[in-house]
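Quick one: structure below, then a few questions.
Every chain is named by a letter (A, B, C and D) in the order it is written, and numbering of its residues begins at 1.
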């Protein structure tokens, strides 16, 4: 698969670890990445507030560039914010021919909206890619309990995104399973992490983060996996402060590392912590993964396998019984012979 | 086109001698050698009489209805004839297995008198047969030229001028009903104009009665028109009959979604035989 | 019957209204029960359903002396026969466009949906239509003027605009 | 050359006040074919009728035009007069409406009189073209078919059978009864649902005139009112009901025990040979072919061994029968929307303790999986806090259906009441959009629930998550206070929307009637013909027509039964003679009429006809006079006018048009 990557402002900053781990996985899973030429801000924070036209024009321009360079090659947006905004422009252009023309007029270049826009998870949902990844997993995270966290922009609104279920998505779980880890079922996977109030109003944001961390731990998760630089930073970076506050309140700390799902993939595929960007995490994440890799594999048998096993066992027993009987039959005869002599 | 003609001849001969068809409908040479007329060949040895060249101005499809019954009939069909075949089938006048279609891609016909391409061929939307059992010659490009120019011209006139335009047109009509007889959509057993008892159509020879005939005929065929233009060609007074047909075709497309007579598109029953509950509402 | 009112010499149009038995005809009856007053220009012709109204009636009426035709039925969705008026709607949409294309004043042929309870709407419609037709004057006014005839003279395909037939056309109108 | 008589009515001063009736009569005398014209004070009076009759005889008239009130008023009466007191065909009559549409809407005679003359002229012109029409008798088969054996079907069946007509109930499941026996108590009186529904079921079984076909479906319906030929497929039950005594031995011995019980909404299990519940009717088991080992794997046969009467028959096959019925009642009921597909925010079915209202009914039901103790499906503990969410699927165009399911507000209140009643000190929160309790003693019931302490919160639940301690965390908004609310519930009950049962669309095509946009059957008129359909002889009962509660369902079933009885009482029904008629000689068999007919009354048939003195076989259209309702849509679609509408024929209308236009 080839993708035209739209880095966005976070790729080399807050989301650097995401970029690093993703490109590692991509390299080893046969995913080819081009960069969208002359890309510009997706308009996430300000564009749409200014005007709907600007809100569509900004992302559309980058998409048009991608189209010009790579035709209908899907555009990859690792950042959930970029993903959401690019998709919005795409959907608007696709659902109304008039709007598409308006957008073309606004950006002053042709835009046919033929190239799809995908997020970081989508490539791994392609069966063949998933296969290669599975094959390349050399150091499985055996049974590591992971809470997959989607946040808001990836899954909502339904009209824009392409997820299986905006209220209860399962696709990241499917990807994380590839590493041998075990996703947990939990309720806060699409709750807001308050990232947009990250700077402006931390007091409003902290309880949200705290809740997410608490829920994950409550659901038995040892780690949280994310697919959005902002969510990731928000959860990862705030954990310490939150725990300080909890300590003050005399509550147990919420101790759970936060990874990009790509970091888990990379690590399982044998990337060093540096390569997987794990060293960049605020909450130290190396030891947990290292520990998980040493765990013994618990194989969950399918019903068929169980049945087969049962049958095999039964056969073995039967055989044993036969042997025993044979032996029993043989024994007395022998005795007689002895008597004769 | 010469080679195409040869193939048609030998195929016709083959089909007839093999007994697969009882007749082949095509064109023959008329009294003057630049005039063609519909020719029905029934014996293999007559196959040589079939011609196909730029002067085949008539639409032969309607001959089918006269010759079906005794076995399969072969029809040399261009785009227009093939649409007519579909039309007959849609109107239950014919079943597909009654006709063997020898498809001929059509580059457009020329008026032997003036040497110009016929108007209807210049406006033709379907040059290649839409249905055929075999194709003779290679498909020709489909330029799909704009065909509503005349409609636009008339529409641009003032109401009075339009009325005058049609008065002049119907004023010239001699009500010979040639357009009806030529039209592949006109397959009624008894046309409304002949039903004296009900008295749809008056007998008087005046523009009113001519208009009544013209417009009702147009309405009867409008939603099924295959735009072959045969009515216009057949008109001895050379009246622009296709104007009102095209006007209807265009409006029906506009109002009820794209539709082409002759089963080109599988758009269900003819537009006036069906409805949608969300059809646009203009009569509130 | 005199086309013009003796006293005033004012023109009284002939308007024929095809009304479906279940909705509009009932609405007209209701207008009567409520003693609503409306011009006598409109005469109602009762049909079972607007789907029964053949465009051929309409053209015949307009050509043999009516100054206007009104076709009324149940609102789409309320048809007593569940679908009749949907077909009527499509037919009339096409036919109306055709006759107007051929030079008929739009006011002379109108279609309306009037339910059995809309006595008021029936009255208003009749008033409206008859006023419009009165303004247009008799059907003869639809005939083209000399100027219009000159404007299109010869534009009909056949090379020579045949004066005789043409004259025939004019006096026939 | 007809002899038309014109009779102008004064109607006291109603007409004579603004129309010079004498002048009208005078004018009429001048009209073509008019042999007589006269006036009378009241044509509809006995004396007026005699006057018409006498004149007809005296002047041997063969057509009659009556200028009076609206034909919608007295046309029938005058037809009767012709039919009974003269030898004129009653359809040789035209009524000119010179009252409602003339005298009453115009002020003075200058205007009224000429208009009246015009109207009479039109009527005279049409009358000249009128032809004799004859109604023929359609015999009525005195049997009724009821599709669906829920409470609606049962009620209708009992009412019809009690009136003395044989009834067949076709039920797709293994027992009649439908959803009602699953319910615990019924609002607002809280009487035991099974206690009032199962007696009716056994009454059906015992009724000599009621035949019950379970595991059966209607495959084909032909014919029309009074004479429907219905093909019914009765699926194989693998048990010979003549031999089976219903002892239940097979059920106790069947080794296949782990099948989720439909009746208990999957909260308990059943065997492969089973009776869904003890009071099932017929009270004999059936073998579930999908789960029976004998029928799936070909080995087992335990039930056959243990059956004391040898009733088990693994070779049993479907039985297809075709029988004739006079009337059909559609009582196909409803299903609950599958919320697990639609509502991921409620766990999409992953949380065992988020259950549907119907599951709750089974939980509180003494015959249910928990003997009526409210216990959490997950761990069998008693929930202390329960959340009820209303309008799950209902009134939710984005995920569910746009309409209101009508019963949920009430059974929601009932569930709250039952919970607080059975769980002392239990807390119950009800999240609602609106509370709609129209109905006798309904609002009182709701108020009562409030007083018992149910906490009603106006707002939807936005998310339900499950905590490790098993609590269901319900996030929602109280839109009245504007606060976000969070409830830690032990159990959540979703009051889900009623939707049409699957197969409704197919059935609609089979019986040839329409469905509304929501997929429920459409009634002939929302107010005035609520239990009829547009197809004669086809009636609606219960939720097949739209969401309803039990009282409404039973009431409507009774109404449908009354209609059926009214029909079956008749020896025969008079066909409507004003139907479409096809002139074979003109028909080219193009099929336009077939496409257009809303009643599927027109079909193309091969006919052998004599044409210019030789036999020819052609395809022509044929009208089924039983199905045709006389709308005339086909007559316009027919370009040559081969299809014409009797009573409103083309010729008549054309003459009418000309009579007015050329006058």
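By our rule, a contact is a pair of C-beta atoms (placed from the backbone, for glycine too) under 8 Å apart; a residue touches a chain by one contact, two chains touch by 3 or more.
Given the structure is predicted, the values throughout are model-derived calculations rather than measurements.
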- [ ] Sort the other chains by how far their Cα centres are from that of subunit A and give me the top one.
- [x] C
Open item on the list: Please tell me whether A-D or C-D has the greater number of C-beta pairs in contact.
Closed with: C-D
Task: Per-chain CA centroid nearest to the all-protein CA mean - done: D
Task: Inter-centroid spacing, subunit D versus subunit A (mean Cα positions, whole Å) - done: 52
TODO: Measure off the straight-line distance from the CA centroid of subunit A to the CA centroid of subunit B, and report it in whole Å.
DONE: 63
TODO: Let me have the rounded angstrom distance from the C-alpha centre of subunit C over to the C-alpha centre of subunit D, please.
DONE: 39
Task: Centre-of-Cα separation between subunit D and subunit B, whole angstrom - done: 48
Open item on the list: At least two partner chains per residue is the criterion; list those residues in subunit C.
Closed with: 55, 60, 83, 87, 91
Task: For subunit D, residues that touch 2 or more chains besides their own - done: 596, 637, 650, 654, 658
- [ ] Please set out, as single numbers or ranges, the residues of subunit A touching at least two other chains.
- [x] none
Task: Those chain pairs that satisfy the touch definition - done: A-D, B-C, B-D, C-D
Open item on the list: If we count contacts the way the header does, which residues on subunit C are in touch with subunit D in the complex?
Closed with: 1, 14, 16, 21, 25-26, 28-29, 31-33, 35-38, 40, 43-49, 51-55, 57, 60-61, 64-66, 79-84, 87-88, 91, 123
TODO: Flag every residue of subunit B that touches subunit C in the complex, lowest number first.
DONE: 154-155, 157-172, 192, 200, 206-208, 211-212, 215-216, 218-219, 222-223, 237-240, 244, 247-248, 251-252, 255-256, 271-272, 275-277, 279, 281-284
- [ ] Provide the residue numbers of subunit B that touch subunit D in the complex, in ascending order.
- [x] 91-93, 187-192, 195, 197-200, 220, 269-270, 272-274
Open item on the list: Quick check on the complex: what are the subunit D residues that touch subunit A?
Closed with: 343-345, 347-348, 350, 463-468, 473
TODO: Under the touch definition given earlier, write down the residues of subunit A that touch subunit D in their complex.
DONE: 165-169, 185-188, 191, 215, 218-220
